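Here come two complexes built around chain A, the first alongside chain B, the second alongside chain C.
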Partner chain A sequence: MIDLEIKNIKKNFEKTNILKGINLEINKGEFIVILGPSGCGKSTLLRIVAGLETASSGHVFLTGKDITVLPARERNMAMVFQSYALYPHLKVYDNFSYGPNIRHEDKKQTDKKIKETAAVLNLEDQLMKYPKQLSGGQRQRVALGRAMLRNPSCFLFDEPLSNLDANLRLIMRRKIFSIHQDLKITTLYVTHDQLEAMTLANRIVLMNNGYVEQIGAPLDIYDKPKNIFTAKFLGSPNITLLDGIIDASGKNIKVINSKIVFPLSGVSLEAGQELVLGIRPEDILVSNKNEANFPAQVEFIEATGGLSIIYASAEGCDIRISTTKRISATLGDTLYLKVQGMHLFDKKTSQRISTINYQQNP
Partner chain B sequence: MASRYKTRFNWHTWLETLLPKFVLLPSFLLAIVAIYGFISWTAVLSFSKSTILPNYEWVGWHQYQKLWANPNWYIALKNLFIFGSLYISLSCAIGLALAILIDQKIRLEWLLRPLMLYPMALSFIVTGTVWKWILNPGFGIEKSMHRIGFESFTFDWIINSDKAIYTLVIVAVWQTSGFVMAMFLAGLRGIDSNLTKAAYLEGANLFQIYWKVIIPQLRYTLVSVVIILGHLAIKSYDLVIALTGGGPGKSTEVPGTFMYSYTFTRSRMAIGSASAIIMLLMIAAIIIPYLYSEMRSREE
Partner chain C sequence: MSTNDNIIYVSGKLSRFFIYAILLLATLFYLFPLYVMLATSFKTLDEIRIGDMLAFPQFFTLDSWVNAWGKSCIGVECSGLKGYFLNSIKMALPAVLISTILGALNGFILTKWRFPGHTLIFGLMLFGCFIPFQSILIPMALVLGKLKLAGGITGLIIVHITYGIGFTTLFFRNYYINVPTEILNAAKMEGAGFFTIFLKIFVPASLPIFMVSIIWQFTNVWNDFLFGVSFAGGKNYPVTVALNNLINSTTSGKEYNVDMAAAIISAAPTLLVYVLAGKYFVRGLLAGSVKK
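Our next item is the complex of A and B:
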């Protein structure tokens, strides 16, 4: 059942096109993460859904009703801002009760709900404090609680965790996830952080430069990136991209300006077709001289204990490898690398043509 | 070894640190003499027997007792109270209203802002003189209304001893509400615009947003405004002299005019000095707690 529908939304500021026709259908209870580099128009889209900004053209529907021109205060949406937007002159309790009082909700009921929400968010002891007396994480929870109290038609988050340190971010991410599990309220969550997107979303909407590049479940996008941008944006460390070309025989992919060659499999492509090869860091194995596709020189190793990330160079190409094995190599050492799979993108259109998996078809 | 680390006398740094001090010294000394010197002199005079000229015979609190027994002093204080409270509250109300209108992005901001700030650039003497003409029944508003046909229109507050004090309020408010507006506007601009959005999304209307979210956050600005206007009210003198001269009768006498007339025209210099010291104390009573709290909040 479609809860929220965004239909061909466009937005211009002065003469610049910020949103260039966004279409999105969101099911009831779904957790949608809008992901994209900063400045691509994510917040603008969210504000249009909230009613804080008017679209230049297009429509927004909520449970089938056209709400494009409905004032924000009548949309019953709850929004959490990056800056938290807590009322600084009010205590936490009054920050919570401000909205219900404005809406003339029953005082006793509100009090009960506030206490329940505070308990869920471990804020019982903070109710009589002012926002400035709280830590960043507590403020963030107050903002979250204020949104929850509303029993809203949908939750809107605009980079809610960006002001927190790494540890708190992880904790709050889990909190938001479990709250969504409990309440099952349709959620639109804006972030530029791919890790948040991967871990929270039912579906990711990947935006770039005012367009939607791809919509899909996190792992689907990761496994089947529609184009080079999508492949580059998801995954850490970044996917390795190499320019390639199909050789005269039509059976091999040759990496341009190098002697590296991979067998083409699964698809048949014309000789001379220009490609971009995308190889995920976990698809490159450190192997031995006989099995390897090519040798590479180590430039830098980030060993984080569980995972090692190796930055290497092969005939001028930058290669990124991640492995759970501990590699005892130092700068300049030669590693023999074996590629287990790769995405093939059309060099001209940037679109993905095919994905090769060498494990299944050796 | 040790001598290598001994700092050599360095002309450059010496000049750099001391030159500004030398340059500032004359004006600093002048300020000491002209401000604190004369304050001390006034304080000494208020404990003396001075009449038309200074006379340093010590009489203790005598002049203060005489001041507080003087009915004219009470008239001046009462007028100050009426003038001050109306002046401050009206300036704040009008200034805040204007600031909110402008903050609501009225497209005339570019026009309104300088228009409202110009009065503050005028001296009270100029304002007072201009408004004296405007309010003069003989050729100001009243005359103009008569000329365009409203024969029965009267606006003679300036020569009416019950109403003259309100003309002071009108003119002083006219002069400072632009400044108050600028203060409030700066305060409004400092408020996170997401707060308004958050409140709006929660279902608040514009009035509720201003009343419950925005205005409460202007309280520190309000304190600053009240203190600035308060001390302007207490030391008001030039406007009164230019507009009404303290009259009709004593109806617009304020501590400032009281002090001047007792010191320089009525030959009661010691009482005049005592009233000046009382005014100083009133201003101190407003400003010192303010500075103290400012400093404390700065430390936090």
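Our next item is the complex of A and C:
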């Protein structure tokens, strides 16, 4: 069942087009993460859904009802902001009760709900403190609790974890995840952090430059990126991109300006077709001279313990490799690399043509 | 411990001593006129004529205070300052409160509820702060005449509100511009409307700047002489004008003790406001100038 529908939303600020026609259908109870680089319009889109910003054209529907021009306060949505946006002059308890009070909800009922919410968020001991007496993580939990007390038809998160340190971010991410599991309230979550997107979302909406680039389940987007942007944006370290061309025989892909050649398989392409090859860092193995596709010189190794990331150079091409093996190599050493799979993108349109998996078709 | 530390400690103590000594002298210097006024007001006229100005009163008397409050002649009327003091209260309270509330509303709208042309409106209000009082006397008198409010306290209130709005708007705008807009958005999402957000979030969160605005406006309105003498008349004069008239309408020689008492009575409310709310004034003026 479609809960929230965004139909051809456009937004111009004077002469700049922030949003260039966004369409999105969100099912009831779904957790949607809007992901994209800063300035892509994701926060603007969220604010339009919230009613804090007006769209230049297009419509927003909530359970079938057109809410495009409805003021924010009548939308029954709850929002969590990056800066927490707690009321500084009110204690935590009063921050919680402010909303229910102005909505004239029953006081006893509110009190009960506040105590329950505080228990869920481990804030029982903080209720009589002012926001400035709390740590960043506690403040963010208060903001979350305030949104929960709204009993909303829809949760909106605007980069809620960006101000927290890495450890707290992980804890809060799990908290948000488990709260969504419990409440099953439709959620729209804006972030630029791909890790949050991958771990929280039912579906990711990947935005760039005012457009939606791709919508899909996290692993689907990772495995089948629609275009070069998507392939580049998801994955850490970044995917290796090489310019390639189909050779005269039509059976091989030749990397431009190098002697590196990969066999073409699973798809037939015309000779002379220009491509961009996208190889995930985990799809490149450190192998031996006989099995390898090409040799490369080590430029830099980041050993993080569980994972080693190798930056290498092969005939002028930058290659990124990630491996769970510990590689004992130093600057300038030659590694023999074997590619297990790659995405083929059309050089002209940037769209993915096919994905080759050499493991299945050796 | 080492002798070096001791030297530093001693020289620290010594410089402290000088600092306090200088501060004490400055304080005495500033309080000196007040002492002379108070001392003179408790003396009899005879003692003033023979004695020296700095001496402590020999025959302590409250007569001049009683006279200044209720008996001295102002023009032909001999009933002291009390009526005019009341006029000033009737003028200052509404003028201060209304201009402060309007300033808060303006500041809220100009920072958080913007409309096209808000910078122009704010610019014009700021400009209003810098218009010299004298230049608007005649146009204002014409307007008050047209409104049939010339010569009365109501007209005076309107003049003070009009002149005050520029300043109060500036105070509140500069204060509210530092309140994160996301707080406003959070309240909107919770279902609050314009006045709920203003009254329940922005007003309680801005008590320091309310104090600044109230003190500033009260001082200006209470101490004003020019508007009072120009736009009020007869029995409607504020206390500042009455004080002037009292001092000028002596019949048999200057009654310095009565003049001094009358001056202190006229100045007392502003002094009181500073003593009671002065710390908020400093706090409010500093708020926003330093990032917390």
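Quick note on the criterion: the second predicted complex is superposed on the first by the 362 of 362 C-alpha atoms of A that agree within 3 Å, B and C clash if a C-alpha of one lies under 4 Å from a C-alpha of the other, contacts with A are read in each partner's own complex, and residues count from 1 in each chain.
In the analysis below, a contact is a pair of C-beta atoms (placed from the backbone, for glycine too) under 8 Å apart; a residue touches a chain by one contact, two chains touch by 3 or more.
Since this is a predicted model, take the numbers as computed values, not measurements.
**Student:** Would chain B and chain C fit next to each other on chain A once aligned, or clash?
**Tutor:** Superposition check on chain A flags a clash between chain B and chain C.
**Student:** State whether A:Lys348 touches chain B only (first), chain C only (second), both chains, or neither.
**Tutor:** Neither: A:Lys348 stays clear of chain B and chain C.
**Student:** Mind working out whether A:Arg103 is in touch with chain B, chain C, both or neither, as first, second, both or neither?
**Tutor:** After superposing on A, A:Arg103 lies in contact with both chain B and chain C.
**Student:** Is chain A touched at more residues by chain B or by chain C?
**Tutor:** In the superposed model, C touches more residues of chain A.
**Student:** A:Ser83 contacts which: chain B (first), chain C (second), both, neither?
**Tutor:** A:Ser83: touches chain B and chain C.
**Student:** Between chain B and chain C, whom does A:Lys112 touch in the aligned arrangement: first, second, both, or neither?
**Tutor:** neither
**Student:** With the touch criterion stated at the top, can you tell me which chain A residues are shared between the chain B interface and the chain C interface?
**Tutor:** The answer is residues 50-52, 72-75, 77-79, 81, 83, 85, 87-89, 98-99, 102-103, 146, 150 of chain A.
**Student:** Help me check something: in the complex, which residues belonging to chain B touch chain A?
**Tutor:** These residues of chain B touch chain A: 192, 194-195, 197-205, 208, 212-213, 216-217, 219.
**Student:** Contact residues on chain C for chain A in the complex?
**Tutor:** 180, 182-183, 185-193, 196, 200-201, 204-205
**Student:** In the complex of these two chains, what residues of chain A are touching chain C?
**Tutor:** By the definition above, chain A touches chain C via 50-52, 71-79, 81-83, 85-89, 98-99, 102-103, 143, 146, 150, 156.
**Student:** For the complex, which residues does chain A have touching chain B?
**Tutor:** 50-52, 72-75, 77-79, 81, 83, 85, 87-89, 98-99, 102-103, 146, 150
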